[in-house]
Every structure is written in structure tokens, then in C-alpha cells.
Amino acid sequence: MCGIFGIYRHPEAAKLAVYGLYALQHRGQESAGVASSDGDVLHLAKGMGLVSEVFGGRDLDDLPGDCSIGHVRYSTSGSSYLANAGPILAATQHGEVALGHNGNLVNCCDLREELEGGGAIFSTTTDSEVILHLFARSTQADPVDALVESLKRLQGAFSLVVLLRDALVGVRDPWGFRPLVLGDLEGSPVLASETCALDLLNARYIREIAPGEVIIMDREGIRSLFPFPKVQPVPCIFEYVYFARPDSDLFGRVVFPIRQAMGRILAKEHPVEADMVVPVPDSGLPAAMGYSEQSGIPLVWGLIRNHYVGRTFIAPRQSMRDVSVRLKLNAVPALLKGKRVVLVDDSLVRGTTSRKIVRLVRDAGAAEVHLRLSSPPIVNSCVYGIDTPERSELLAANMDLEAITAFVEADSVGYLSVEGMHAAAETDLGRACHACFGGPYPVQYTQLRERQRHLFEKDHR
Amino acid sequence: MCGIFGIYRHPEAAKLAVYGLYALQHRGQESAGVASSDGDVLHLAKGMGLVSEVFGGRDLDDLPGDCSIGHVRYSTSGSSYLANAGPILAATQHGEVALGHNGNLVNCCDLREELEGGGAIFSTTTDSEVILHLFARSTQADPVDALVESLKRLQGAFSLVVLLRDALVGVRDPWGFRPLVLGDLEGSPVLASETCALDLLNARYIREIAPGEVIIMDREGIRSLFPFPKVQPVPCIFEYVYFARPDSDLFGRVVFPIRQAMGRILAKEHPVEADMVVPVPDSGLPAAMGYSEQSGIPLVWGLIRNHYVGRTFIAPRQSMRDVSVRLKLNAVPALLKGKRVVLVDDSLVRGTTSRKIVRLVRDAGAAEVHLRLSSPPIVNSCVYGIDTPERSELLAANMDLEAITAFVEADSVGYLSVEGMHAAAETDLGRACHACFGGPYPVQYTQLRERQRHLFEKDHR
Amino acid sequence: MCGIFGIYRHPEAAKLAVYGLYALQHRGQESAGVASSDGDVLHLAKGMGLVSEVFGGRDLDDLPGDCSIGHVRYSTSGSSYLANAGPILAATQHGEVALGHNGNLVNCCDLREELEGGGAIFSTTTDSEVILHLFARSTQADPVDALVESLKRLQGAFSLVVLLRDALVGVRDPWGFRPLVLGDLEGSPVLASETCALDLLNARYIREIAPGEVIIMDREGIRSLFPFPKVQPVPCIFEYVYFARPDSDLFGRVVFPIRQAMGRILAKEHPVEADMVVPVPDSGLPAAMGYSEQSGIPLVWGLIRNHYVGRTFIAPRQSMRDVSVRLKLNAVPALLKGKRVVLVDDSLVRGTTSRKIVRLVRDAGAAEVHLRLSSPPIVNSCVYGIDTPERSELLAANMDLEAITAFVEADSVGYLSVEGMHAAAETDLGRACHACFGGPYPVQYTQLRERQRHLFEKDHR
Amino acid sequence: MCGIFGIYRHPEAAKLAVYGLYALQHRGQESAGVASSDGDVLHLAKGMGLVSEVFGGRDLDDLPGDCSIGHVRYSTSGSSYLANAGPILAATQHGEVALGHNGNLVNCCDLREELEGGGAIFSTTTDSEVILHLFARSTQADPVDALVESLKRLQGAFSLVVLLRDALVGVRDPWGFRPLVLGDLEGSPVLASETCALDLLNARYIREIAPGEVIIMDREGIRSLFPFPKVQPVPCIFEYVYFARPDSDLFGRVVFPIRQAMGRILAKEHPVEADMVVPVPDSGLPAAMGYSEQSGIPLVWGLIRNHYVGRTFIAPRQSMRDVSVRLKLNAVPALLKGKRVVLVDDSLVRGTTSRKIVRLVRDAGAAEVHLRLSSPPIVNSCVYGIDTPERSELLAANMDLEAITAFVEADSVGYLSVEGMHAAAETDLGRACHACFGGPYPVQYTQLRERQRHLFEKDHR
């Protein structure tokens, strides 16, 4: 779960990267970084925290040059330290290089083992560092050729922005798991994970980078290579379900109306007699609108989100049940008392949060609570870059519907069907990765080594 | 613009005050403070910033005792320094006292001049300090009697929480401008500006404190006095329009459906042929829902809010027009292109932000933009505690509708009528203060002295 | 324990106050503040911490005007909060006033009680606030007259800098307990606690402010009043012994050579056969030099101070004895092994630190450790502004020399006599306050009320 | 300029490393770091700033294990970023390894070029990373053998602490440029750059690590290897002159008395008629004591150092000449007026600071200022780890004595002779590196590549 950005030959390259990352903040809140090239030397600034925490108030004079890339990152706590934050920068025989990566390589551990055996040292646990080692070891004379050679070794999900001294390269893996789009800001080409970053800059959207495309921007202009063997593209449908921003134009279509359509189909598949449809804000809103439209049951704002998040408070010792969820959401008793409620959320992972929300709604006086999810049961863990927990923690992988209903303490639970999801997304079963929803894994993977998981679990401040 | 909270005899009084303030954060983001009494000594902790910035991660061991009050504050930048943050605490001949105040005294300057003439020194520019001086100078033997005596001198808006060594007192001025409610948490009485603070604590809502009521909680229990001459209560209708949280039960009714009703009446008063209703998030949402329901024009999420706010970025030097509004809102080109849009917001003050939003929607390709406001034209400045700008800066006080429409660059502008507003709120013209919308000022006021405004415009860090 | 500074009519008044405070940092490390007047309005900036922490890197644009005062403060932890930091600023009927105070009023509690009885409110526990109240209540028409009237009520130690809208006033109590000097920087008069502040600014030293003098700088020039009844001046001899900076010219003489002379007399009074004289750095150095000169025993740098102080480390659980003193001082085994050591320090208060240092020297291999103190036994607590502990904690007030020697684990202990101290300082017994060394208290005092001590022991952040 | 520390098998390994680094703070103030091993995984925490800033108040739970190394670092600003801070940690085929380095490799660039040519990537510009690459590429099966093999490639100065999963290794290059000592804390072996770190921990000093020694501590005990060809050891004499802490036992002798002896010989070599000897605190003190002893001219504390350093203040615009030096040092007019002063400092590099100090003394009224330096003219830049500037910036490399005297504005300047320096240190001309004082460079070096200098001059935060 990361967001990436790049811009080539714009006098305010670093500043625009910061703005771009700000629009991509939903893709990663753990760290933020920008690298720039002044045509001779590469520069890097990164830090833990939100884009505004890392770059707010800074004039970016330490990031000179007219070419830049940016990266926001989310990761599990174990490897949450500064060295792992992107972009990653290194000096090599091909010159300096910086790289921002969205996705997950499934052959990363094999490559790492091979590289270590060849005498490589690793300072991070990122996939990105593996790619830099392959690049550094390539015997190709031209840096771009060396990069292309190293890309061919990669298996899995990789949308990349790569900054060289005098070139910016965008890469999307042949399966096209993660998005990457091309825009234009007054003649300067822009790369971004999602179109919402283009919108913020008032840049024009040109097109998606195609699955398997390597797009090179240098003094000679823009050109594209397709160095990978041809495979069936399988963009990640979970981007539509939850991850992408609702205002982005993703894989060719705007996300919000797709989520609304998921809600409409959900209403057809799992109707219920009720007094009101209540969205779980903010992610459940589009589907709740769709459910309400289709069912004719009025949409009521019975849960209000408090957006003043921040450092955690010390919880009272007494029994203030579900305080963590209460800090974020308020169920409005005056609206919910005695009502039969259809509660609409986008998905259900471990079920613990959903249970707290169901309780909140019931504590506020709801007579019935019917949980409706605008995606199918999540039964597998993602290995291509979405941070789903282990299978053992996935509720739907371990319980049937009745048990799930009991677990979340709802009166009924209804999931969107896989078919319904694809219908709403206007994809079809073979043309989008839905491995987490029980579909096939498009690229084989080896288990992540325990070694990798534990190696660097420390505070590299 | 402030939020207040108090709790009497609960073992975790300070912690609950912090939680309560967190729910009231929308009423003031500039500073936050909590005072507690351990039955002998009063304790105080306050700071500039959000509740989570001031109290996040703190264990509050420095705020012992089973009785506490809390205060969040917003104010204009001039007097934005720590000494002015609430609660204000002082030692007096009646013992220590701490006070949190929501509202604005209209005779504050006269009282201050009188007090200075009598040898008082002022460390802040707050109304609260004036009240403490009156309390300290009272010759009544009993602290509560001294407090009541001092309250009788006050004119204007004042909802108060007052902490004494062994008592908590809640006060609402006889006009009832600002809200104040009573709740119960497992036997401990709770005071709060709005019910959403009770909801977060899972406290039971009992009733509003009545206009003119002084409620005293001490070792003898809870009792109420009504020491003020009887006047017609005039609660502030702007709380319904914009200020209160949509999930609060205010003056006896939940806010969200009232705003929805405002939108429905607005649709009747100012219909327009259009393809979609687009809310200005978050405040314009309920009225947009109402407008859509009434008009049958579909609600479309054409503006998306970025909730990752934070420290300001240095803006690019180049012409990135309206960057401040772009950082908060994204207009979705794929949804808006070629469409006729009804843009619904709650109110229009200076008009500069509305103009930027209209431009944003038009830049995203909208064919027409019809601005609809779910409140009447704001033509007067508030003197009872809402931070409206000077009359000279209020757009509707200085332009007719045609000029306003040109100024905000909309195709048309429609305001809810005063009558429509009252109908939605189920108040009537004489029973709510709508001075800002051209109604009478219920309490006479003297001009704020220039002296007060400029006296303390400095950084008391 | 405080340091004060003032400058009148200099274009960089606030900046010079910061520099002056930096030179006076040894007089108070808890908080630092500067107030300035632009001729119309007073401005204030203050904070907890060192001068460099509060003002480092700031451009001071928020402190405009050509007249300023500054204050550094030390206090016991109980009342260590921002509201108490100086200068204290208030608005009164005589206009705004800011005040910096060095010393301690012995009738502060009586005055405070009287003022509270008259309806005053107190926001701090400082003596300064009492003075401001007296000033505010004066019925004199002219602010300077009002100030002088209020000063006449004060008993005890008070060197003051007072900033009015268009005047700077310096005050030294009639006993002259605390220092205050006048200098000149290119025509602008400067007030400072010690001459080292003048030296840093390259200002010319003119003279001490006389005991009982009130010096007024305003548009009419500089003039002095002597409004107090004439008493025998009794400057504090402990300033010579420990508190003042060694390079200051204090009460007419430079401190370093006086401390050296104390060491010489100490060597005559308490000779001992030894191999080396070792100073306890930094305060014991001058006396150790004198002791070495007089005795002919070589000075050896057997204790080295680590100047990289900072936030406290978490101590190892294991028995790393006296770790707090080891972090500051290192006893050099290679120099001390087998040696008979005369350890020279300036004074002995509780004895716990001295014991740790004696142990350190012995752990490093010293054969004998003879402790010599360049001041007499401290047997009384100071009530005039030096932060000595309660009498019950003063070692010499509770033990005879034999017990003291045992307590600090030395082979012998020798104190400078009162007569020797006065001889070195060239003062005589009646002409300097040495109450802490068993002399008379020059000004009667009432006990500090428990009330005052406990009232505000809280974190006013 | 760095300090290193290591401890093997102590339950509080990380905490003791922090304490050890605190004692070594004078060797590097830019960054501080500690790595620990729990027998399975290595842990790392580091940060920019002083030890107390990085580790103060931390409980170090994130550094578990009973074996640790620590590192403090100073470097020129260009490469002053966190990635370069020590220790450096990496994962390799030989397992994880962390390394702290004091000294400078003269063949670092050659090795780096060779390694890059072989496909290595570099994340830092440190010598340490070069060593880790050599280690990672070694084909030796045993990690210690691999380490030893890589050490043989190194030319120049390297005192190292190396942490493996289950071993701690100390290394001193065969020339013995930089110090490294062995101590014992209750049975746990300790390595440190200087004995002052042992003193702080109350550890027993055992011996120096010998030039060319590799000392290995693992489950089998302690053993030493001597894998390097035998060369003449040449410890750095500048450690005696300035760099080492005066209380350390260095290369077998305590530093303070050596510096005192330098002052005595200096007095013989460059006598002058004068009224007082004034040390430049703190570094000039020991030599000033020696000069005074030898010459009979009294030592006077005419310059006082202000130890409250901190963030820089914004300098007044007006002509406050030499404000940076005034903030650190005060020349006492009352002591210096009309006097003939011998000003003693340890060395003279660029001469700009000395000139400011001479001016300061003269501004305070000194009649004559005779500058005496307790080391010879510095005429060459160090390539073995002391941060001397380029030859072009060294005053004595570019001017004769007369010009130097004029430049620093002194009445006379006298340098200690090379012979005098060696006599004081009891070394002889062939047995200590004094390349900076015009002696031979004991190890050949290639010029540092411009590439290395500029490559990473950026802010890797």
C-alpha cells in the first residue's frame, strides 16, 4: 500500500511532488519522501508521518532540480522505520538512482537470497532495495538498459517511478495490478498512482500507463518499451472496492459511481425491510447511497465521523466500552431510536471493528441492525501489495455466514456476490485480480521467509 | 465560538473532560484546557492546538480530583495566545475558581473599565477574566452567592461551567443564546455544550439547562436557581444552520434532519433545471440531501474532501490557481464534465471561498453552476459569540443578488428565506436570535472598544 | 534566583535583551522572557527553558519597539509553570505595565491576603503580581508616582526593571540585597543584574544602582528618586561566594579574585599536608587556585566536568553508584591514585553531592580526601531570594564538624570562617547580609504561608 | 572524528553503551547511535544530535540483548545526514552485522570504485559501508574469518567495534592511529575509544588494544589475532594536543599533565615579560597552567566561558563586533585593563577565532597580548580522521610568523616546537604521527575523489 508520483522537467518539481503526494495520502500514511535530480546529483528528503508533517512549512530548497519522484508508504508496524521509507536512493556504477515502488514482489525473498549469496548487503527490508541491487549488478552499459534488464527478473506487482540523473522512468508490471497514470502539466509529463493527484495540480489526464509498459522521459523526449512477455492483465479489484480515492478515474472509470453501483446490486441481492440505510462513514457512503436508491429506503446520517484525529488519548480505566470506535464515530440516538437499520460498509476483514459499530448503533437504540457489505467475503490474504492480514485472521475464511452474523452481533449480514462486484465494476471474472475474494492468484508466489519478517523489526530512527 | 464541559464526582473526571472536549472540537480548534479540583486545590492544564495535540498521550496525573471542567476555544488571530486559553483559573478571597465560557458579553468593556478604575489588573482579554474579577470583589460570604451576584452584572451570551473547590456550577444566560445540556454518567452529573459529548461518553442525556438557570452541584446534591429577570429566550439559529455538530440534539431537536429540511425548502424556493446536486463537503451535505430529495435531481459526489489536513505547504510560485481550496476539495472531472450542477452549501459569508469552489467545479468541466445556500443572506455581524467578520466584509451586506452572483461567478444564486429557515427549524421569528440574518439584536450592546482589540495583540507564549 | 535586564531607546531593544539574558543565564535556567514597548502597546514573549531554547533562531518580530526588559527565572519545581515566568504583564488603569523581579519580598503573603480581601484575583504565585496589584490600585494620577507609591509597601529584596508604555524604571531595594547595574550602549541606557551582561553587549559600565534608588528613563531623560527611608545597605555576600558569575564586577569588585582570596585565607585557616589541591569544577576553581598559591601544594585537575548536559538518561538498574554525579564529573584515577587530596568547593548545603564527590575521588584511588569549603557553614535558609533549602535540610544546621566529616566521608573538613569570608570580600560584618552563615536577618519576615506554597502547584502549560 | 564503544554479555548492554557514548561526546557531536544483539537479531537506534538529545529519557526497550556497540560521529556539513550516522547495520550472507568506525581509510575511494564496478550499491558515503561490502563479499565461511579477510584490504586509520549476532570484535589498525582500550565491568569486557568512558561506568581499565590487534569476544571467551603485516605504530599526537579528553589515559599516559608539560616547555621556548597568563578556556587551560608554573607569571582567569550553548540567536544588525565569540567567551575588563597578557591556547588552525579572542582581550583593556600555542604550526591536512581543513585554509601553511602575528593582531606569537611537543608527550619523532605538524604521512593516500565529496551532499532525513 503505497502511492507514487513523478514529474519531468518542471521548474518546481519537488514542490509539485509534495502536492501530488498529498493527494495520494490515502495510499500510505506511514512515511513520505521526495527525491529530485538537478541533472548532476540526486537529492533526497524523507520522514515518518503524513506528507504535511514531513513537508509542511518547508521551502524544499534542499531538493533542487527540475525532475522529481515522490512516495508515500504504509506498512505493518514491524518494519516501520525510516530506512524503509521511500524513495530509496543509492549510488551505483550506473550513477545515482532513486526509486518509488507500489506493489509487492512475490519473488523478492528468492532474489534477496541470491543477491546476498553474491555478496550484496541490505540496509532495508524493502522490495525496492532488491530492484536497486539488480540494477547495480547489470552489465548493460546504458542505465536505462540496465534498468530494463533488472525489471525482467521481477515477479508480482510493481508500479514504479525511477529517477536517474537525467531521466524519469515509469514502470507498470505486465499484470497491471497497481494503477499508474500519465498526465501533462503545461508541457511537463507527470506520473501518478491516481488521477486525483493530477486534479490537485490542475494537470491534464492523458492515459493509463499500460500493463507491461516502461515509459522513459529523457532529453530525447518520451518513449515507451514493452520488454515483458505478454500476459493477461489483471488489475486489482480491491482498488475499486476500497483502496483508491472515490474521485479517481481508475483503470478507465471513476470509482465513486462504481461503488454506488455495488450498493445498488447489493440491495437487489440482499434486500431487507428496514426504516433507514445508514452508511459507515466515510468508506461506506457510496454503496449506502446506491442501496438507498435501489431499495427506496431513505438514507439517514445516523453515524457521524469525527475528523479531528490525532495522538491517542489514554483510555479511562472504567468500562467505556469500544472507546476507540467512539472517538471516530458517533451513533445519533435521536435518529436511531427504535429504528430498523441497514448498516452499509465496504468490506469486512477481521470483523472486530464492524462488531463495535453494530454495538454502537444498537446502544443508540436501533431496534434491528442489518449489516450489508458492498464486497464479497474476504477469504485470502493479498500478496500483491494490499495489507490484508493473514488468512487465519480473516473472519470469512474461518466462519460461515451464521457464525459471522453472530460474531458481529448483527440481525443479518449480506455480502455482495463476486458476480455482482464484477458487474458493478464492469470487469469480468477473468480480467481482474480478485484473489482475496477467492479468485485465483494470477502470479505464483513463494512464502515470505520468516527471516525477512523478523530481520529488521527494530527502530532505525 | 467555544465548547465547554463539566463533570462532578467521577473518579476519572479529567480524562472524561478530555474525551468530552474531543467531541466538542468543532466548537473551537485554537486551544484546549482542563481544570480539576481534588477537593482542596484546583489544577489546570491547557495549551494551544487541538485537544489531541494538547492532551494526546498524556496520563493526566497532573489533574487529580473527581471534579473537572474543560474548554475548547476559537478566536481571531489577534488575541490568540496561551493566556487567553480556557479555562481561566484564579485565586480569590472566595478560594480558587476556574471558569469556562461560551458566548460573548456585550457589556464586557464597560465592566472592564469600571474594574480597572477600581484597581483591577488584567492578564487576558477574555470575558472570563471580567467575571472572575466580579466574583472576587463580591462581598457575599458564600462562594456560590458571590458567583450569582457577579452573574447579575452580565449582559449578552454566556453559557458557563464554573469549578470551585467543592462544587461545579453550570450557567446559561436568560436569553439562552448558546446551548448547554445536562447528562448523567453512572450517577455523575455531566454538563456539555452539545449532546455529542454525552454520546461519546455513553452518558445519558437528561435535559437542556434552561435559559436563565444556574445549576449547582455540591455535597448537598444538585439544585437550580433562576436569579435573572425573566426575558424571552432567543437561542441562536446559526447553531442549527452551521455551528453545532449534525448529530447533536440541540434546543430539543437533532440538527441533521433540520439541515435536511432546510435543503428541501430551499429546493422549493429556488428550483432550477439541472443534472445533479453536488454538496460542498462536509457542511453542505444535509441540505444537499434535502434538495435532492425534494427536487428529484440525483445527488452526485462531485466534490471530494481531503481530510489529511496539516501544516501549510509552501505554495508553488507558478499559477496554481486557488491552491488552498484545491488542497481541501477535489472536483471530479469525470463526473462533472458537461453537467448542470446545483452546488449546495450551508451559508455564504465573505464569498471568497464560494467563488473558489464555483471555479473548481467549472474548471472540472461543469456546464452550469447554480449555487444554493441553505440559510438567508448574512447581513450583520454577531455580537453574541459567533465569529462573523465585520459588516463591511459580509458579501450580502454590501451587494444585491445580481452582484453576488457575478462575484461568486455562478450562473445563479439562491438563498433560503428567513421564513423557510424558521419553518425548517420549527422555531418562529420571535423565538430565535437571527440578528446575523437581519433580525433584531435581542440584547443591546456597546461597541467593542478599539482599546480591547489592540491591547493584547501579541504572542504570550 | 533571577536575572533582570532592561534597555531604553535602542532600535534593537528586544534582541539586546535576549543577548543580555543569555549572559545572565546562570541566575535562572527555568524560564526566560522579554517584554517590549513600541511606545503605544506592550508586547511579551516568554517560555520555559533556557534563553537559547526560548529565543534561539527567532527573529523577534513579535517584540517591536525600542524599549525592552528581560527576565530569567529559577524556582522550585512546585510552582514551575509558564504563568509564573517573567516578565509579568498586565493592563491597569495606569496603562500596561511589565515587570521583572530579582529577590524575594518578605511581606508578600500579608500583602496578598490584604489584596485578595480587597477583591483582587491572582493568576500566579509570584511576588511580581503583588507589586502590579499595588500599582494598579494606586490613586496617583501619574504612572511613575503610582509605581513609587506601591514600592513603599514592599519589604525584603527587590531589584526590579519596570516597563511602562513610554518609560523604563529600575529599582533597587534600600537594603541593596540583589545587584543592579547601569551601563551605556552607544547612548542607550542599559540595566542589568550583573556587568557580564554589559560586557557581552560591549556596553560601557557606568555604576551600580544605589540601594534605595529608583531610576527613571523617559522622554525627559534619566533621573533618580530615593523614596525609601534610609537604612544600612546589606548586599548579599552569597553572591560573592557562589551565585554571581566570576567575571562580574559586583558591588564594586570583580568576583573571581575575591573567590581566589577566599581560597588563600582558607589555606591559612585550614592547612593540611597533601600532595595536590583538586578543585570541584567549575565553582570551586578560584578558591582552589587561591588555596594552592597560599599552601604551595600544586593544583591538579583531578576532576573533569562533562559539559554536554541534557535530558536525563534512564539509569541502569544495576549498582552504578552515584551515577548522577558521574555523568557530570570524572575523577581521574591515573592522577589521583595513592595521593593525598585537598578537595576545594565553594560551599556545602545538604552534603549529599559533596559526599558523592568525595566517594568519586576515593574510588579513583585517592589515599586521603580533605574537603575544604571557601565559605562558612550554611546554617539558615535565605528569605531574600537565594533558593536555599529549609533549615532542616541544611547539613551544618544539624550536625557538628565531626558528624559532617563522617557524613561526607572525608578525612577532614575545613570551612572558611565568617571573618575570613568578610576579609576576602573586603566587606565587614555589619555591611553585608550573611544571614545564611548565621548572621542577623536584616529585614523581619513572616513565615511563608502554606497556602501560598501549595495553592498553585500544578502544571499551567 | 568519532568515538566508539562496545560491551559484551552484560544484561544492560544498550544502556551502558549510551553512558559510554556520553563520556565520549567530545569525539563527535553530530550523531549518536547504538546497536544491540539479542543473540538472534540485531537492533539499531540512532539519531542526529547529542547523545542526550538522541537517547535522553528513553528506556531503550527497543535495544534488547546483552551485547552492544555505540558510535558518536562528527563530520563536515556536506555529508551530515542520518544515513551516515553510526553504527551502520546491514544484512549479509554472513548474517547481520553492525559496525562503528573511528578513523579514515585512505584507500576508501579505490575500494568503493572497485565495489561499485562489481555491482555494489551505496546508501552512505561512510568508510564503514565499504568495510561491510568487503565483509559481505568474502567467501570465507566463518563470519569472523570473513571480517578478518576484509580488514586486510584496508589502508589508513581504523579503530573498529563490530557486532555480530553472537560476537563482539574490536579492531585497531596496525599503525595504531586512533586509540581503543579494553576494560572490564564486573566480568563483562568493554571496548572504548578512551578510558574516560570506562571511568564513567566504574569499569576497570585493563590495557590498550594493540596496534594491529583484532580482539574477538564470543561464547568461547576472548582471543586476539594479529592478521596484519607488522609496521611501526604511529599513534596520532594530535589526540594529546587537543582531541582526547584531558582525563583520559591515552597511549599509556594521562593527557592533562602532558598538556601541562607542553605549556612548561612553551614557556621556556617563548618567554615574554607579562603581568598574567590567561588561558583560552577550556582547551588552553592545562598548557596555561604549565606556562604559569614555569614562568612564574600568575595565572589569571581573564576569559570566562559561557557553557549555556544552544540554538543560534539572530544577531543584531548593528555592529556588535565578533558576537559569535562573545556569546562563548567574556573578557573581564576589571582584570585585564592595562595588563600585559600571555594568552595560551592549544593550537591555531585558520586563525580567525584566535583573532577574535585577541581582539576581545584587547577591547577589555589589555595593554599587550602575546599569543602562545602549545603545539607547532599546523601545515598539513590530516587524512587519518581528524577534521582539519584543506591546506589552503591553514594559516601556518600559508604565512610566516610575522604575517601570522599581524593576522591575529597579537603583539607576539609563539609556537611550541615539534621537538618540544614530543618531549612533553615523551614520544619521539619517529614514533607518533605528526603529519599535520609537517611530519611524514605514515600511510600513502590517494586524493579523495570529488565524486565522493559531492555525491551525497543532501538532506537524507
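As written, the chains take the letters A, B, C and D, and residue 1 is the first residue of each chain.
As a convention for this text, contacts are C-beta pairs under 8 Å (C-beta built on N, C-alpha and C of every residue); 3 or more make two chains touch, one makes a residue touch a chain.
All figures in this text were calculated on a predicted structure; none of them were measured in a lab.
J.: Which number of steps is the smallest that gets you from chain A over to chain C via touching chains?
T.: Each step joins two touching chains, and the minimum needed here is 2.
J.: Would you mind pulling out the distance in Å between where the CA atoms of chain B average out and where those of chain D do?
T.: 60
J.: Averaged over CA atoms, how far is the centre of chain A from the centre of chain B? Could you give it in whole Å?
T.: About 37 Å, centre to centre.
J.: From the C-alpha centre of chain B to that of chain C, how far is it in Å?
T.: The separation of the two C-alpha centroids amounts to 47 Å.
J.: In chain D, what residues contact two or more other chains?
T.: none
J.: Please give all chain pairs that are in touch with each other.
T.: Result of the pairwise touch check is A-B, A-D, B-C, C-D.
J.: Over in the complex, which chain A residues touch chain D? Could you list them?
T.: 41-47, 62, 82-83, 89-93, 96, 116-123, 129, 132-133, 136-138, 454-461
J.: Any idea which chain A residues touch chain B in the complex?
T.: For this pair, the touching residues of chain A are 11-12, 15-16, 18-19, 22-23, 25-26, 29, 50-53, 55-60, 196, 199-202, 205, 245-247, 249, 253-254, 256-257, 282, 285-286, 289, 299, 301, 304, 306-314, 316-318, 320-321, 323, 326-327, 330-335, 363-364.
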